[in-house]
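In what comes next, subunit A is part of two complexes: it sits with subunit B in the first one and with subunit C in the second one.
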Partner chain A sequence: MTQYAFYFNGKRCTGCKTCELACKDRYDLTPEISYRKVFEYGGGDWTKDADGFYVPDVFTYYVSVACNHCDDPACTKVCPTGAMHKDADGGLVLVDADRCIGCGYCHMACPYNAPKVDREKGHTVKCDGCAERVAAGQKPICVEACPLRALDFGTKEEMEQAHGDSQVADIAPLPQKEYTHPNLYVDPCKHAQMANEATGKVANILEVM
Partner chain B sequence: MAAAFADLPLALFSTLAPMGAGAFLILAILFSTTKLEDDGVAAIDKCTVIPVALVIVGFIAAFFHLASPFHAFAAFTGLGTSPLSNEVLMGCVFVASMLVYWIWAMSGKMTLGVRKGLIWVVAVLGLAFAWFTGMAYMIDTIPSWNTLAGPVQIVGFALVGGAAAAVLVLALAKRADVLKNATLKTAVLAVLAVGIVLGVGGLIAQAATTSAMGNAVFAGADLVSGAMMVIVCGIICLVGTGVCDVFAVRGAGAGTLVGVSFGAAVLAIVGILLLRLAFYAMQLSVGLSIMGA
Partner chain C sequence: MVDTKLTRRTFLKTSGALGALAVAGGGAVAADSLFGAAVPQALAEDADSLVWSACGVNCEGRCALRMHVKDGKVNWVESDNTGDDSEANEQARACQRGRSIRRWINHPDRLQYPMKRVGERGSGKFERITWDEAIDEIAKNYKKVLEQYGPEAVHIQYATGNQAKNIRNFIKRLCVLNGGCLNYYGSYSSAQISRSLPFLYGKKASNTNSDIENSKLVVQFGENAVENKMSGAGAGYNLTRALERGGAKLIVIDPRYSDQAATRADEWIPIRPGTDGALVDAMAYVMITEDLVDHDFLNRYCIGYDEDTMPESAKGKHASYKDYILGESEDGTAKTPQWAAEITQVPPATIERLAREIATTKPCAIYQGKGMQRHANGEQAARSVCMLPILTGNVGISGGNTGSEHEDFEAEAISVPTGDNPVKTSLPVFGWLDAIDHGPEMTSLNAGIQNAERLSVPIKFIWNYAGNCLTNQHGEIDRAHEILSDPTKCEFIVSWETFLTDSTKYADIVLPDAMPQEQPTYFVNEYGGKMGYFIIGDAATEPDFERKTLYEALTMIAERLGCKDEFTEGRTEAEWLEHLYNEMRAENPDYPTFAEAKAAGVTRVANPDVHTVAFKDFREDPVANPLKTPSGKIEIYSEALQTIADTWELDKKDIIRALPVYAQENGGYADATPEHPLQMVGYHFKGHVHSSYASIDVLKQANRERHLWINPVDADARKLKEGDTIRVSSDQGTIEVNAHVTPRIIPGTVALDQGAWYDGDKNGVDKGGCINTLVSGHPSPLAKANPSHTILVDVKKA
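Moving on, here comes the complex of A and B:
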């Protein structure tokens, strides 16, 4: 079975949020809903060196995150109606709007904060990997819009081939990959912390809420 | 803590419905241990509208939490895989049994033998529904909820709130004499005590484990401290429920019984609702899930 995946290059991303806004523009999203979010993650402290000088080891970096169309999605596992499902053709996690009751259970369970209930539409909404564009042979709009070419999209095999040094997303502020086995490959920046050894915090909570 | 109010309909559901369900335990003990005149039974059946209404109003609150309530029947699709589907099925089975019991009882055509059997079925299904309601929050990506402290709390709230609702039923049915019956008095006090211990103990256990957790967005200790005043007020209300109901079954005269038992029921609703909101406020994901966002 084909399984699509995103790729994110943390060495290139400047946190400009063009990906996020291109997606909002494409799908005419309200200010409350973003299918892609750019998390600013930072931390660090001052430490005293051998000469008595205080040296900063502060850091910050950005991670652009949408639905990772996981192999073992938390959202589909809890969905009471089967509306949240993995597409058999491309492994994309999609919402069947006609079945969704808008209970918000998927929103609670997803550790990437991807699905969200749109009460006006009456169902959950989320990134579908720009399924229509992909079917037409194009890349998702966020990938096309990134001015730094920090994003990519394709089959798992294509991502592994094109970005050989990348690894399945396991960096902070994302959860450890074992929870859902995300289809997101990441080239981490030099300051990136492993998810299980994270010491920082998301610094732009109001932006990503 | 303010974000927890986004889940107010669910907090109302998980307050009112288990509370109404718990009342049937006391009524089951009553009908199994106490000989009642026909008019007394009829009066109790009429006032049983109180726990029935609590359950129905709770379900209505949950129904309107949904963005597409008219698709609600699809919620059975995930039986066996989705904890929410399991909860919905258990809730529907309980509500159906409760309505069959109550409508049959109100018709005046229910024999004592059937009544004794059926009300125990309703009581057991009610407690099972409370347990399944708590199980629905056990999601492995939310470690602060993924503990048996959740279902234990809701069963505790069903017991303490249910005892308060049942005492109010008996007070409004003018059956103060029944409440003085030694077996029923002991049962009410025991159910109240067990309910408070399980409800408050479960929440404290959850708060203690949450305070040691954290993710990239929140420190668990901050979530717990943000909810602390609500937790304290909720516990005070539940203790107040216990005190009022102890007074109701041990010393209240016929004149004050209704007032005292009404006060106990209101304190139970307020206390359980506050503790449910505190539960929602202590949602801590393994990742980036942000409550109310």
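Moving on, here comes the complex of A and C:
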């Protein structure tokens, strides 16, 4: 079975959000709904040294995340109608809009905050890996848009081959990979903290809600 | 061109079809329906055309846009996805802003009709008029000003909202056909460095930042390309790749833990704003006292380092750089790390370590961004930083740099022929408001007037095209309001805009402009490294309502003035574009034909030198290839500047020095008071470009603006929490924003993104959070330019 996966190069990402807005443009999303989000994660503090100078020990990094089309998705498990499902061929997590009742359980269950209920449409909406573009031989719009060339998408095997040093996403502010086994490969930047021993916090909550 | 790509509408239609399938299948979507060949074919039928254009704003990116048009409306945009995106063939990928442009193009608030002011200037009260009425009004008032005051009273306002090379200069062309207009020099971006570096090097120049791949160490002062030049073929990406390829260590010196410091740097050195020169002075002290300077370079290529190379006029006065740094000159103060630490907030040990690292790592590239020079002492600061590469002999070599902000390799531009302006008098770009208020009092010695002793008349007529520098992007907004709202001062203002921006509210006639994407355009890259490019854009859609392009409007005005034929030479704007391209191509026969370039959209041009190395010829042979300074050498001591310092009428706190050393800034940290104890700097923000895009809803959500960065130390002292509504006040005014409590800023300094739209309430509090409400109008000493980041404020809970 083919399983599609995203790749994110944390060493390249500058937090520019082009991925998020390119997706919004392509799918005509409102300000409230983003299929892809960019988290600003950081921490540290300032202390006074012996001579009275404030010195910093701070860090910041960015993580761009959409739906990770997990092997063990939290959203499908809680869906009461079966609308949220894993596509049999590409392993993409998709919403059957006609079956979705807009209850929002998927939104609450997903540790990546990927599905959202669009109240105007009356059902859940989310990243589908730009399935149509991929079918036409293109990369998802976020991947093609990235000015830093920090994103990629393809089959799991292709991602493992093209980005050999990467690892399954296990960095803060994302949850530990064991929860849902995301199909997201990450090259962590030097500041990146492991999900289970993180000390920072998301610094842009209002942007990623 | 027929689009074979997808559009939103068919995507939704297809989703519906898949949904139906899924219901029929009772579960998972059938694989074939998703990835089968039928889907893209079905989608293709919903596309009318795919049109090349570019994002026209002034971020120094210039990115390609491919407009997907359906039924005369832009549905969505792609960016440059052509070519193989290999090294030196990179795609000019747009950032989040360009990707959101259709929300601007299709925005319900866009101006639709010509309007005439009916309330006070600034009140925003207008009524709709016809184009004929608007053109009559403009022609009548323009002629009246020309007759009464002469052409020097006519000013084309500095404005950067549309960077297409084939548009804006038609205003000057019209003016020159009617006797000319006042000139200006400099820019709001870079006036201080552009004015001061020629005294040191003969011109402002740097290596392309792609050359960083040849560096061992890179030190950047306030350089933040990844945040303010986000193009996929621009400075941010070039820096990223150069660091990856060459493996240089990067140190960023900045009051903010900028995105460049956070995501690219090996080390961040926070510094108090406006004090970079002091840091450099102290590093020079370490290098000199530990004998780490490059004596051969200083003797052969420079004057003024020590007594041996001082010009005759300054010999025997202990006026050399070395004497000044060691404390042997007039002020008697050695510029030790301890001395600088008190000024810069950088610990002495850090200064010593950094000085040794810079002096002993070869080659080392020193760069500055433009924020550091947009200060009340920006001219001195910009030159000071250049002393690091001069002392260490890193000028004119690959892997080194001049210390300047990075210059670029650009594809060839085209230019609209304006003719020779009969008016020669030139005004510093920031001086227009004073010129309205008291022009004839402005002289060469007190206000930087060039090519004349003084202005002969005040500015009485303003053409303002795609610009928000009357108020929002100028500074001292409250004073600008006072002066502009008096119609006896500047008698007539014409503005072309897409929105009713704050500056536009001061226009007497407002003309509804077409977007760059609604007309033929020519854009040239900025900050290219190994590659430059240009983009030929076409009108994606016809302008809606009564919008017209600048050229159409000017042609109508020219007709009223009786110079239509001379103005147009019988060409439409599309014909002008082709004509100007062909003229340029006659000089560059390697360039593709117009038709080829237009079809390609983006044309990439390789840098023949691969990397540009500034002053390479001079370094190789300083006798055969002298600099354009009076001595032909690097003038560490500038007699020309000493003359200016001796003869200009300067405020006591406005300092111009012959040496490139620290000068305390007028209104900087040393002038803090209990009322205004904090320093404040602006920064270029990801969510908008100056004030362009600042009203676009999706960008506002993704980039929560009106947030003041404040260190926890300063926030705790004021009992401020994240998200609190706060008031920030300076001598100039008050804004209301939200607090963002973050360790990403040095204690004692706060920072706000620049470009938010001014929104003054009835008490004069700007709830839009425009930083220029707080900025002083007192110009910098030499360039007479905007001191945008020299602000003293206090912050209180609202």
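Keep in mind that, in the parts below, the second predicted complex is superposed on the first by the 199 of 209 C-alpha atoms of A that agree within 3 Å, B and C clash if a C-alpha of one lies under 4 Å from a C-alpha of the other, contacts with A are read in each partner's own complex, and residues count from 1 in each chain.
By definition in this document, a contact is a pair of C-beta atoms (placed from the backbone, for glycine too) under 8 Å apart; a residue touches a chain by one contact, two chains touch by 3 or more.
All figures in this text were calculated on a predicted structure; none of them were measured in a lab.
Once the complexes are laid over each other on subunit A, subunit B and subunit C both fit without any clash. In the superposition on chain A, A:108 makes contact with subunit B only, while subunit C stays out of contact range.
Judged by the touch definition given at the top, the superposed model places A:82 against both subunit B and subunit C. In the superposition on chain A, contact is made by A:22 with subunit C only, not with subunit B. Once chain A of one complex is fitted onto chain A of the other, the partner contacts of A:74 are limited to subunit B, with no touch recorded for subunit C. Of the two partner chains placed by the overlay, only subunit C lies in contact with A:46; subunit B stays clear of it.
Of the two partner chains, subunit B is the only one that A:198 touches; subunit C does not reach it. When the two complexes are laid over each other on chain A, the CA centres of subunit B and subunit C sit 120 degrees apart as seen from the CA centre of subunit A, to the nearest 10. Once the two complexes are overlaid on the shared chain, A:99 sits against subunit B and subunit C alike. For the three-chain overlay built from the shared chain A, the minimum Cα spacing from subunit B to subunit C equals 10 Å.
Shared interface residues of subunit A, touching subunit B in one complex and subunit C in the other, are 82, 98-99.
Of all residues in subunit A, only 39, 41, 65, 74, 77-83, 98-105, 107-113, 116-119, 121-124, 172-176, 179-180, 198, 200-202, 205, 208-209 touch subunit B in the complex they form.
Remark: subunit B residues 65-69, 71-72, 74-78, 81-85, 88, 139-142, 215-217, 283, 285-290, 293 touch subunit A in the complex. Interface residues of subunit C facing subunit A in the complex, by the touch rule stated above, are 5-6, 8, 11, 14-16, 18-20, 22-23, 27-31, 34-36, 39-40, 43, 76-79, 81, 85, 93-97, 99-100, 102-103, 226-227, 230-232, 236-237, 240, 257, 259-260, 262-264, 268, 270, 341, 345-348, 686, 697-704, 711-713, 742-744, 746-747. Subunit A contributes residues 12-18, 20-22, 24-32, 34, 38, 42-46, 49, 51, 53-56, 58-62, 82, 85-90, 92, 94, 96-99, 131-136, 141, 144-149, 189, 191, 203-204, 206-207 to its touches with subunit C in the complex.
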